[in-house]
Structure formats: C-alpha cells, structure tokens
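The two complexes that follow have chain A in common; it is paired with chain B in the first and with chain C in the second.
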Partner chain A sequence: MKFFDCHLYGKNYESDYRLIEESSRLGYSGASLFYSTDNYQSVDYLETINENLLARGTHPPEDTPSPDFSSDFHLVAGVEIRPKHGEDLRKKINKFRKKSDLLMVLGGDLKINRASCENSKVDILSRPYLKRRDCGINHVFAKEAARNNVAIELNMSDILRSQSVFRSKMLAHFREIIKLHKKFHFPVLITSGASSIYDLRTPRDLVAVANCFGMAPEDAILSLSNVPWSILEFNQQRKNMIIAGVKRIES
Partner chain B sequence: MITPHNIFRHEIIGLNVEITESSHDGLVGIKGKVVDETRNTIRVEVRGGRETLIAKDNAIFQFLTPDGEKVEIDGKILVSRPEDRIKKKFRKI
Partner chain C sequence: MKLKILPPTLRGDKRYIAFEVISQNHLFRDDLINIIWDACLKIHGECETSKFRLWMMRIWDCPSNPGNFFLKGILQCNRGDEEKVRAAMCLIHHYKGNRVVFHTLGFSGTIRAATQNFIKPMA
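Take a look at the complex of A and B:
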C-alpha cells in the first residue's frame, strides 16, 4: 500500500528536508508540501530535496538508522489559499491553478467553504470546521463537493494540538463530516498537517485514530492512499481536459 | 472546422469513432463511422457495412477529428439532440 501524506507545511529547505525524510521513514511513499501564496513562487529547492533523498536512499550513511529509506519518494508542492472573501478566492484560484500541482483552500468561513465546494478547480478544502462550532459543511456543500470532486481534509494535528473539551468537539466535527461522507460520497483526505517532525505519525496510527471517529479502517486507508494519488493523477491530465468529460488524447 | 475545443458542440455525423468503454461489454472496441445520431443514441457503420446502434449515456467514445487528433468524450455530455447541443452549457474544469 502506497501512503501519501497530503498536507505538510513547507517553510525552508532544512525544515522541509527533515519533514520529508521523517515521513519517508514512517512509511509514506509520497507527500505534498504546502506553501502560502506569497512563498510559493520562491520555492526552488524541491528538486534538490528529491536528489538528496535519492542519493541518500541508494547510499545510506552509516549513522542514520533508516534502512527502509525509500528512494522513489514522490514529492509535490502545493499552494494553500487563505481567501478573505469569495471574490478573492476566485482570483487566487485562477492565478495559481496552472502554476501549482495541488490547490488547497483553507476553510472555516461558511461562504468560503461553499465557494470551494462549488469550484471544480479546487482540489482540497482544508479544515472546513476551523474556528467554528459546527463541522463547516452541510448536505448542500457535501453534494457540491461530490459533484465537483473536491476533497475535504481532516487534519490530525487539530486533534494532537487540542485538549479536553476542544478535542472532543473536534472529534464530533470529524464524526459529522464522516456521516456526510458516507451519504454523499465526496472524497475525504486524512492528513497529518505537520509543520515539524514531531507532528508526524505513521499511516497506521492515523487509521487507528480515524477509527475513533467512526471511519472504517478500509475507508481510512483509502483516504490515505487512493484518494491523494487519484487527485494527483487527475491533475496531471487536467491540461488535456477541455471541459469535464472531454479529453484530448496525446498520441 | 472541427477541433477538440468544439467537437462536443459540433455535428458528429461523418466522424470516425471507437467505443473505449461501455456498460455493455459487447460494444467495447467497435470502430467505424458515425452515420446517424438521435438524442440518446448514435449509429455507427462498421467495416462491411453493418450498422450498430449505441446508447450514448453508458459509453465513452474516442473520436478522430479531421486533423487526426484523438478526443475522448464521455457519452453523458453528448446526450441531447444535436441541434440543441450547440446552446447547451458545459462545465469547465
């Protein structure tokens, strides 16, 4: 099973390299680093990270206890959009859609959540429950997300970093989203949301936590493996797609 | 001029087509020229002059434009009368 961690926060070369190295050690076959709209343009070291990982994978240094270091790690850079309002969201999506491999919108505001679910150019709606007293999506948004293939992200760092009543509320939000997922079948992503190596967990740990909020282990494994890979595959074909359902075949 | 950008609005009679996917396995692989079209079906003339009626809704078609470009179209978006398809709105990606 090829696991993919779909949300790591990118900062600089050293931090990103350590995150990727650690996630590879924990058993992921790929990961995506997300940058803000301001920082994304200046990121030019991802190929260097890949080359360094590859070199290290083929010739592991003796002092590193990582014999299972994967040399074919799939690294993707994405943009995290933090829109102020719906119009701002539309502008930023149009600006970054062709430039980035993955497009993620930070949710929380009901209008932003709705606009993201209705836009097929968005790949992932991140944390729709952020700073809210409900889960941030309802049956209408869920239908739209399923129609436009927008994945809803469940960020595990929200559980890790919260405690007591806030943690239980977070689990309740997750449970609500899973309930809608079971009915409307929109894609759900389980991510670590790590900004440091101490936030990372193994895929099986995430599956076990997902079991606590009512997600079947098979579904959790799918949302850590198949869903992210299918989003990436779809994005690779996006440039050949003319409209939804029409695709130019390159011979 | 039929291009990949307007083929889903255009007249498809006369184009070469191949059925790449269908809920009816017997239709997969049929190759020929479109000779007639209704709201829900297209009629394909295969080699030897035999004609086959294919439902649009459950199939994926691969059309060959006059310029030699291959375009894969989900039959669901072709479901409408050809004269109505020109004014139909399609969802952009």
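Take a look at the complex of A and C:
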C-alpha cells in the first residue's frame, strides 16, 4: 500500500528536508508540502530535496533509527489559499491553478466553504470546521463537493493540539463529516498537518485514530492512499481537459 | 501467603506492542508508563482503560540525533484492544513542556517475535 501525506507545512530547506526524510522513514511513499500564496513563488529547492533523499536512500546512515528508508519518494508542492471573501478566492484560484500541482483552500467561513465545494478547480477544502461550532459542511455542500470532486481534509493536528472539551468537539465535527461522506461519497483526506517531525504519525497510527471517530479502517486507508494519488493523477491530466468530460488525447 | 499463579488456559490473552519514542529530553521507564496511562485515560476513559491491562515490558535506548532522544520499547496489552492503545499512543504530543512522539512499530503475540521483527530486525 502506497501512503501519501497530503498536508505538510513548508517553511525552509532544512525544515522541509527533515519533514520529508522522517515521513519517508515512517512509511509514506509521497507527501505534499504546502506554502502560502506569498511564499510559493520563491520555493526552488524541492529538486534538491529529492536528489538528497535519493542519495541517502541508497546509503542509509548509521544513526537512522529504522533501516526501512525508501528512496522512491514522490514530493509535490502545493498552494494553500487563505481567501478573505468569495471574489478573492476566485482570483487566487485562477492565478495559481496552472502554476501548482495541488490547490488547497483553507475553510472555516461558510461562504468560502460553499464557494470551494462548488469550484471544480479546487482540489482540497482544508478544515471546513475551523473556528466553528459545527462541522462547516451540510448536505448541500456535500453534494456539491461530490459533484466537483473536491476533497474534504480532516487534519489530525487539530485533534493532536487540542485537549479535553475542544478535542471531543473536534472528534464530533469529524464524525459529522464522516456521516456525510458515507451518504454522499465525496472524497475525504486524512492528513497529518505536520510542521515539525513531532507532528508526524505513521499511516497505521492515523488509521487507528480515524477508527475513534467512526471511520472504518478500510475507508481510512483509502483516504491516506488512493484518494491523494487519484487527485494527483487527475491534476496531471487537467491541462488536456477542454471541458468536464472531454479530454484531448495525443496520438 | 502468595497466590498460586493461574493455569495458562485461565490467563487472559496478551499482545505485545513494539513502539519507538522520539523526545526532546531523555525519558525514563516511569515517564513512559505515566505518558501512556494518561493518554489512554484521556481518550478512552477509566472504564475502557481498565480492560487494556497495560504493562511496560522493556525499553531500549537507541542512538540519538542532536536534540532528539530515541527509545524503543515493548508494551503488553489485552488482545483485541491493541488498536485502541495504538490510537491513544498516537495522540501523545507533549510531556512536561517538551515535545514527544510515539510511533507504533508493530504488534506481536510474543516478546521474542516483537523484539526480532521490530526492535532488532535481522539484516
């Protein structure tokens, strides 16, 4: 099974390299680093990280705690859009869609959640429950997300960083989203949302936590493996798609 | 008077969880026991945690990087509850103001197999 961690926070070369190295050691076959719209243009070291990983993969160092260091790691850079309103969201999507491999919109505001679910150019709606008393999506948004193939992200760092009442409320939000997912079949992503190596968890550990909020282990494994890979595959073909359902085939 | 030990057929089934810990400061056996018990009590509650029959079997100090301490260990728990213990261990992130992370390496039915497969894997 090829696991993919779809949301790591990118900062600088050293931090990003350590994150990628550790996630490779923990059994992920790929990961995507997300940058803000301001920082994305200046990131030019991902190739270097990949080359260094390949070089280390063939000669694992002595101090590596576990020897299962995989060298074929798929690294992707994405943009995290934090829009102020719907019009701002539309402008930023149009600006970054062709430049980035993955496009993620930070949710929380109902108008942003709705606009993201209705826009097929968006890949992921991140944390629709952010700073809310409900889960941030209802049956209408869920139908739109399923129709436009917009994945809803469940960020595990929200559970990790919260405690007592807040953690139980977060689990309740996740349970609500899973209930809608079972009914409307929109894609759901489980991500670590890591910004340091202490936030990273093994895929099987995340599956065990997902079991706590009512997600079946098979669904959780799909959310960590098939769903992100299918989004990436779809994005590779996006430039050949003229309109929805029509694709240019090169002979 | 000491109680006579139960025959094997009456003893509860056990599973052994091999895990690794990365922490910012050095942790001792008692620290690990406190951390795991607290995590299980927080996420599953007292009633559910009482079924887990947690017991720390052994810990190993591993070569550490600067600023990070590595430990490996084997934890005994009730068979059938290992996924719940794994989820609880996954949710540990801080201990006494320092960052800590637990990664489960695998499950096994015997300490010997857990050690051979996950703690000291054969080349």
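As a convention for this text, the second predicted complex is superposed on the first by the 250 of 251 C-alpha atoms of A that agree within 3 Å, B and C clash if a C-alpha of one lies under 4 Å from a C-alpha of the other, contacts with A are read in each partner's own complex, and residues count from 1 in each chain.
We adopt the following convention: a residue touches a chain if its C-beta (ideal position, glycine included) is under 8 Å from a C-beta of that chain, and two chains touch if they have at least 3 such contacts.
Everything quoted here is computed from the prediction, not taken from an experiment.
Legend: residue contacts after superposition of the two complexes on their common chain; A:Met1 is shown touching neither chain B nor chain C.
In the superposed model, A:Ser120 makes contact with chain B only, not with chain C. Of the two partner chains, chain C is the only one that A:Asp205 touches; chain B does not reach it.
Judged by the touch definition given at the top, the superposed model places A:Arg238 against chain B, while chain C stays out of reach. More residues of chain A are in touch with C than with the other of chain B and chain C. After overlaying the two complexes on the shared chain, residue contacts for A:Val246 are found with chain B alone; chain C is out of touch. Taken together, the two complexes place no residue of chain A in contact with both chain B and chain C. On chain A, the positions that touch chain B within their shared complex are 120-121, 238, 241-249, 251.
The residues of chain B lying in touch with chain A in their complex are 4-5, 7-8, 62, 69-74, 76-77, 90-93. Per the touch definition, chain A reaches chain C in the complex via residues 26, 62-63, 65-67, 159-161, 163-164, 196-202, 204-206, 208-209, 211-212.
Residues 20, 22, 42-43, 62-65, 68, 70, 72, 83-84, 86-87, 89-91, 93, 99-101, 103-105, 121 of chain C are the ones touching chain A in the complex.
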